[in-house]
Structures are given as structure tokens and as C-alpha cells.
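First chain written, first letter: the chains are A, B and C, and each begins at residue 1.
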Amino acid sequence: MPQVAITMPQLGESIAEATIVKFLVQPGDTVEVDQEIIEVETNKATMGVTTLCGGTITTFHVEEGVSYAVGTQLGIIEATEEEVQATGVSPIDSNTAAPEKNEQELIERTLSHGDNPAIAQQSQMDVPDSISIQPNVQGLPVPVGTKGANYISPRMRARMDELGLHAADISAIQGNGAGGRVTIEDLEAFLVGIEEWPKSKASPMRLAVADAMRRSWTRPLATVGMPVVLDKVLAHRREQNPKPGLTLYILRAFALALKEDPTSAGYLIGENIVHPKAFDIGVAVQVADGVVVPVIRNADAKTVPQLSAEYAELVEKARERKLGKETFEKGIATVTNFGTFGLVSGTPIPLPNETLILGLGAGVKKPVWSDEANVFIPVTTCELVITFDHRVVDGGGAGMLLQKIRDYLQQPEKL
Amino acid sequence: MSLTYIEAIHQAQKELLAESPDVFIYGQDVGQFGGAFKATRGLSDEFPGRVVDSPISEDAMAGMVIGAAVEGARPILEMQFADFSSVAFNQIVNQAATHYYRTGVQVPLTVRLPSGGTPGSGPFHSQNMESLYAHYPGLIVVTPATVADAYGMLKEAVMMDNPVMFCEHKFLYNWLRAEELKKNALPIGQARIVRSGKHATVVTYSAMVHEAVKAAEMLSNDGWEIEVVDLRSVKPIDLDTIMASVSRTGRLLALGESYPWGGVTAEVVSRVVAEGFHLLDAAPMRLNSKDTPVPYHPDLWAAHRPTPESIVVSLKHLLRL
Amino acid sequence: MLQTDDAESLAQIHHGFRSMVTSRTLENKLSSLYKAGKIVGGVYLGKGQEAISAALGTVLERGKDVYAPLIRDQAGRTAFGEDLLDVTRTYLGKVTGPMRGRDGNIHRGRPTEGMPAMISHLGASLSYISGMLFARRMRGELHDAIGAATFGDGATSTGAFHEGLNLAAVEKLPVITLVVNNRFAYSTPNDRQFACENLVSRAEGYGVRGHHVDGTDFLKCMETMNIAAKAARAGEGPQLVVADVLRLCGHGEHDDAKYVPKNLWDESRDCMDVAEQQLLEKGFLTPDEIAAMKEDARLKVQKAVAVAQREPTPDPYQDDWSALGS
């Protein structure tokens, strides 16, 4: 026969539970519809719990003198099919007929608004699946882009602005936030940690270089290199008066090579490549605590001997820090002769507004086998390297560019 | 034909009465006297029995027009001052605003609220109620800033089937004048770009639109281009236009004449931050009146509400000048 | 006096009494459903007020008049023609009911059928009803229709009640304002609610006609309501009817009303008993007819409950969460 639940009613707004005072009937008793069968008491009043239909009380799950939450199943009435039809009550599913006296369940029943399946369903949906979502921020999954130190929250950024820090400055910090984020606490702990270390103030020049390098480093940079024989250039140089710097030959060869393929010095902005307007090539000059890059204008248009005096003066003034701001602007590529420091190889970084930088290693005398003379002969070689923005130029293109420069350097009279 | 803001309201009401026998006007002194601000001058003679003086009973006045609206009338309830609608608050927010949701029956009611301060009006004849009413589900809240909108939006409001709180600004009543009455206005629910710019967006409504434009003009001398958005209706709020503007400028100042705690400006900031955090170059700002009752003395009053000067200060802060 | 040989009057009395019986039967059932945990929220009954409530509902004509009942007006609602299913569906929060689960218990109505759905703020319905009548009069559609709004003693203390009655008086609208003084506003007794001798004395202050009646006397209630309605229909403006009763239940079914002094209970009489006795004495109904009426009510109530119980509740995922119409 259908079983109908006897339920603890909601006896007033904000009433969460009521105490069983007395059973007015006993299991086995026959009851009528609307009969008061249990006396209960809230902090507001004493009431009788009534039946939804007539039938036989089969069981009470509860005890006198004990409080139960609103919605608790207090007992069961067994009713006839005819009675269920006449009163319109919903019999309980036999699978769920026997409730456990489980406090947690009672609370959940109350929270899920009793028997309303839609709200109960919603409550279940609100519970995050803590197994599949790891880690989480306030119960929400962390999108991919926010993982790791590359996500800097506005709060973190504000603190960094206050401290004059950049993203690169905090790369040393292992983040403890959600998804490995660096939090304010991580940052403060890091700053406390470095307090005892000796420190000095970075010069404006140092900071300017740092800023330029940081900005440049946001791009995918790659470096390739190639050995170049310098003997012909060195011979040509010895014949000149005054003698031009070796760097100037390289710069001139670079300019002519770029003129043949200007796109390789192009700058990628959005979907466009911005082409060079003039072959203005910069030269890196080491100065106290930094590097400056004055620019030789129209390096494709004048020969090395013609440029020699201008170049010497430019380098001299750069070292003395006497050049105006405009001298450093609008270059399309740069040459750096790190060979002057005895370095044979390196991976220079282009200026942030340029795609290419050409580096020149120290000249080295090497024995090279000569098929004609059938002996080793001594030649002077150096490593020529080029770093490029891989978005614009590929390794092959950079190699072609180096080959062209090498070829020009074998014909110094054309320079 | 030149027309003031209050004359536009008069004109709209006159046309509404003529066009629909369902329309009537109810309020204190609206009959023979023609209303405290003359919004109904001459209308009770022209439309006998449909422009009716009420007792000083804001609660019952509101309840009465709600009942009439349920019966199919399209009442216009004139509150003598927006401030006094607090007495009718229960009827408006509990009776009118819940009516459709609860019963499925709409309440085509328009409540005219002479809002905002004028010099010397003091604490009880100067308040702006739009934020309070906008808080309640079931109400439309409009805040016309121009003569054309005062006319066009009132005509639209009265013919709407939802209850509309029509916040008309007393400072604009006679100060604002238009040479012609444009009748192809935007519909309620759409904001309007009053002035375009690229450096910052001011989102505002009602009389503050004019103060914002003055501030924008002051800043334009220094090369700053400030975009001014007139919400026109604060509920529904045209988030699309706001977001489009902020995406252009990256900076937001939400400006309103009402009190600063919560309200329309807070809503604007909250929505922009929630949906367009990534569009912002600077923390969005709000500028409202001071957090005191509206003072009586003209000098205090002028300093209580946002002024072009204080708007410029806020904008400079927003632009980090 | 009521013309007892008048067929129409007799029909009225039968209708009123049947409404009382149905109301009491229904309210007992609602109380039981509440105490069995089937009703969420509150259950507010009109026990002891059926006679005056039914009298008002009876003199009003559905489809013509407008009626704003309050929380203890089941009898009046039934007399006015409210479907029992509207009651059970609303109490059980069914989506099929007029309030669709959006509002519950006594907050139900069909405003376009002359019965607004009350809000909880007492006194607010008086101006609402006045507005309905005003709109009809403005459009020349009032004819001899009237309106009615009911209140308890507590509601007379609100500003809305005062404003509403004054407004109705100023506009001379045909509104029956029924005040059922049931001695307690929730738990507050009359002497903490008002200081005048009798609430009907306020009629003079408003410039309206006042009627005072023993609310437990069914035939007197019918007579008074007929007089008030006739006056209102005749264009005599608002009618203030004050009926004295004792609330024979708690404020709601969660309230056992322990604060009501025992002597009041003992001295009180139940209008149901009085009405039954009156109708038997006058020969308007036989004991068998009354018994049949009660059984009919029981079956109708049982059916309304059974039908509603089987119907769906609103689905939060499907409901239209819009507070504005198109």
C-alpha cells in the first residue's frame, strides 16, 4: 500500500526546528485525514501536526522530548490507493522511505527547501567539484592565461608601480598564489629577503639600457653566426689615411646588403611590415655604465673613406656624451663590435625599435689550408653574428644576409 | 517656435490628453492653479475631469493612480516635488513595481518627479530619487536632460505599459530652451553620446549632462577630448553605449547629482568594471553630491552638487594630470 | 429589515451562508495542511469573521464591482466568486495558480476580474480600489458599480488608511470601507491601537456615512451590508462599516494566541453557530439542507486540495525572471 510521510511542518517564519511533546496516536493506530497526531512545540507556540490523509500509522522515526528540523520525516502513514487519489497526496518512493537520523541530512533537506527538486538540484550544482578543478580561486577555475608569474593582478601591478618594479624584476619570485601566481605577500617576502644584500643605485644610463633591453626582449629573438675572412679588409684599411675603423667596413657592408633586401630590416606592427625609409645604421658605443647607439645616416650612399671622418667624430662625441637626442633616433639596424673586448662570439640584442643587430667578434689568426699552394697559410677571421626578430626574419634569411655581408667584405674597394 | 523644458512637458501632457481618453493627470494643485511649476497650466479647462486636484496624500495619490492604471487608464501622477514621493514610496515600490510580476497585470503609470536642486530650495525640495527607484525591480526610471527628451520621453513613458518614474530636473525647467521640438527622439533605454572624445568618458544624466559638457569644454582648451554620455534612462541602463565609449577612451567618470552612497553612478562603475575590466587604463571614478542633505544657502548648494570645476578636477585626476 | 419573503434576499442569505461554510471548511483544511508540513510560509485564517466577510462578498457583484479583501476574508472571497482552486494552488505554491508561485497564501487575486492581490502593507488597498472606480467614472463606465476594501482594527492606524478614506471621501467614490475590529492586531489589543470609543465615530471626521454592526450576527451583517451597498450605489459616497468580532484563531497558524485573555474566549460566540441557529429558527434552511451544504463544502475542498497537490510547482530554470512586461 502507498506510504505517506508525516513531516515536521514549518510552524512560523524563521522557525528551524520544533520539539516533539507528545504522540497523540501510536503505530498501528488508524487515523483520519486532518487528524492531529503529534503535539510539537516551537519557541513561539504549541501546535498539533496533522495527517495529509487517512490510514494506519506504521512507524514514528522520532522520539518525544527531542527537537527535529523543519522538513524532517517524523513517521509514515500507510494509506489506501483510494485515499491517496481522493486527497491528492504524493506517496513516498519506497527506496527513500526509511530515513536515517542523520543530522547532516536534515540540515541539507532544510537548506534545499524540503522537497522542491529544482532547488535541491540547484544546491547540488553549487557545490564545486574539488577533484577536477585544481587549483581554484574562490571556487572558480583559473583560466590558463592567469597561471604562473605572467599574470600580474591589478593589485600586484599597483604595488609594483609603487616600488618601480617591472615584470622582469619579479621573475626570481616563486609564486605561492592560485595557479602559481606571485602574490603581494610573495613580493613583500622577496623584498625583505634581499634587504640584507649590498645594494647600489642604478645610474640613469643603466636604467635606460635596462628599459630598452626589457622592451626588446618581449620579442622572439634568434641569433646565427658565420666566420668571415678579414685579410682583404685589413689590407684595404692599411692603405687609407686616416685609417677607418673596422666597424665602419662592417657597417657599410651591412647597409649595402640591407639595400638589396630591405624587408629583412622591416618592423612588424600588427599585420603590416614597416619598411626602412633610409639606410641609417647605428653603431653601439660602450660608454661609462652603458651603451649608446649613434646613427650614421644614409650609410648606403657614402663610401668608407667618405664616412671615415664623420664616423670617428661620432664615436668620439658619443664617448664624451656630447651627442643630441636626434643622433640616436630612427636607425633601422645596429652594428656592435664586441670584438674590441676580445670576445670572439656573442648574442647581441637589437634595439627595441629595430629588427636586426649585427655583431662582430675579435679577429683571430688561423691556419687555413690552401689548395693552390698546397700548404697552410695564415688568415685573419672573425665571427660575424646577427640577431633578428624571428617574427620578421627566418634563420635562412639571416644566413643570406650574412653571406652578402661576407661577400662585400671580400671586395673592400666597393665599400 | 522656442520652448523651455517645462513647456515641453506641458506640451507633451496636452498632446497626451488630446490623443488618449485614458490619460489623466492627478496631483496637488494641478487643476485650476496649473501646478506648482505650471506644467498643467490651462489643461483642466481644456480637459474637464481629467486634470484633477488631489488632497495632500502622496500615499493615497499613488495608490489611486495604480488602481486606475489597472483598470486601463494611463495616469500621470505629478508629485509636487520628487522629495515628497518618499511618502508614496510604499505604493510605488511595493504596489506598482511588484504588480506585473505578481499578478501578470501591468500598471501603465507615469509618476512625474520634479527633481534636483535649485538655489535656495533646501533639504526637502531638492532631492534626486532615481537611484532609490532604480533599485526596485519592476520600475522604469528615466532622467531627461534635454527639452526634446523631456517632451519625447514623457510621451513615450505615458504610453508604456510599465510604471515609469519620470525624473524631470527643476533646474532645467526654465533655464533650458530649444528652438524646435525634435520629435524623432531615441527610445527610452538608449543612451546618447552628447559629445565625442577619446581621452575619457563621462557617463551622466539629467542636469549633470550640461555640467559635464561645460567641464569637457574647459578641458578641451588643453587638448583633452572628453566624451560625454547621457544615459537618458537610468533603468534600463544602456550598457552597450557605455562600454563602447569606455573601450574608446579607457577611462570612466560616472557623474550624478544624487547622494554618493550607492546609486546610479555606483551601478555604472560596477557594471563597467565587471564587464570591461580589461578596457580600463585607470581606476574608474565617481562624482556625486556631498554626503549631506542638500543645503539651503545658494553658496552651500552650489558646492554640494558637482560643478564644472569639480568635474574638471575629477577628470584631471582620472587623466593623471 | 430584510424582507425574508423576498426571493432575492433569501438567495443572498443562502449564498452568504454557503460561503461561510465553504470558507470555514477550507480554512480548517488549510490549517491541517500547514500542520502537516505541506504549506511553506504562513496560513492566515478568518475564523470568527466569516459572517461580515461573507455579507460583503455577497452584496458585491462579480464582473461589475471591485473588491480588495484582506487576510481574513476567505468567506468574502468565496462569496465574491473566487475559485477554490485559486486558493489551494496559491497556498501550495503551484505554477497553475493565479500567482504562479511568485506570491503565496492570502496575497492572491485577479485584478482584471475585480479582485486585486493584496500587498502586506496595511491600508494600501483603499486608494487602489478608489483608483479603479475613479478610472471607470472618468470614462463614463462606472454606472452603479461599487468597490469595497476591508481592514482590521490595526490597519486603521496606518497613514495609508487615513489618506485613502479621505481621498475616497473627497472624490465621493462608492467605496465600502469595511473595518472588522477583531480586538487584536497580531497580539496588540484595541487599547494600544486607538483611543476613540468606537472606530465608527471616525466616519463623521471623514464626512462619510458610518455603520456599526455586531459581526457575529449574520443576518444583521447581511442587512447592514445591503444598506451600505445600496447607499454607495446610489451615489452617496464612501460607507464606513465597522463590525465587532473576536478573532477565533491566532494571527497565523504559527500563533497559538496565548495572549488573548480567557474570559474573552469564554464570552465570545462563533458567527458560524449564530448563523446556523438564525437560519434554522427563521426556517431559511433545514438541518438536512445545512448538513448537505457542509458535505458539499467538504467534497469541494477535498477536490480542490487534491487537484492542486498533483500540480507542478514553478521551475526556477524555466520561470520568466522579468519584473517588467513587454
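Simple rule for what comes next: a residue touches a chain if its C-beta (ideal position, glycine included) is under 8 Å from a C-beta of that chain, and two chains touch if they have at least 3 such contacts.
All figures in this text were calculated on a predicted structure; none of them were measured in a lab.
Undergrad: Starting from the Cα centroid of chain A, hunt down the chain whose centroid lies farthest away.
TA: That would be chain C.
Undergrad: If I rank B-C and A-C by number of C-beta contact pairs, which comes first?
TA: By number of C-beta pairs in contact, B-C is the larger.
Undergrad: Chain A to chain B: how many Å between their CA centres?
TA: Computed value for the inter-centroid distance: 45 Å.
Undergrad: Which integer distance in Å separates the CA centroid of chain B from that of chain C?
TA: One centre to the other, that is 41 Å.
Undergrad: What whole-number Å value describes the gap between the mean CA coordinates of chain A and chain C?
TA: Averaging C-alpha atoms per chain gives centres 68 Å apart.
Undergrad: Please output the residue numbers of chain A that touch at least 2 other chains, ranges allowed.
TA: In chain A, no residue touches at least two other chains, as defined above.
Undergrad: When you check chain B against every other chain, which residues touch at least two of them?
TA: Not one residue in chain B touches at least two other chains.
Undergrad: Quick one: which bits of chain C touch chain A in the complex? Just the residue numbers, please.
TA: 28-29, 31-42, 250, 252-256, 258, 302, 305-310, 313, 315-317
Undergrad: Using the touch definition from the top, list the residues of chain C that touch chain B in their complex.
TA: Within the complex, chain C touches chain B at residues 98-100, 102-103, 107, 109-112, 116-117, 119-121, 124-136, 138-139, 159-160, 163-164, 166-167, 170, 322-326.
Undergrad: Would you tell me which residues of chain B are touching chain C in their complex?
TA: Where chain B meets chain C, its residues are 21-22, 24, 49-50, 54-55, 57-73, 75, 87, 90-91, 94-95, 97-106, 137-138, 140, 161-162.
Undergrad: Which chain A residues qualify as touching chain C in the complex?
TA: Counting only chain A, the residues touching chain C are 6-13, 15, 33-34, 36, 42, 44-52, 70-71, 85-90, 113-114, 116, 118-119, 122.
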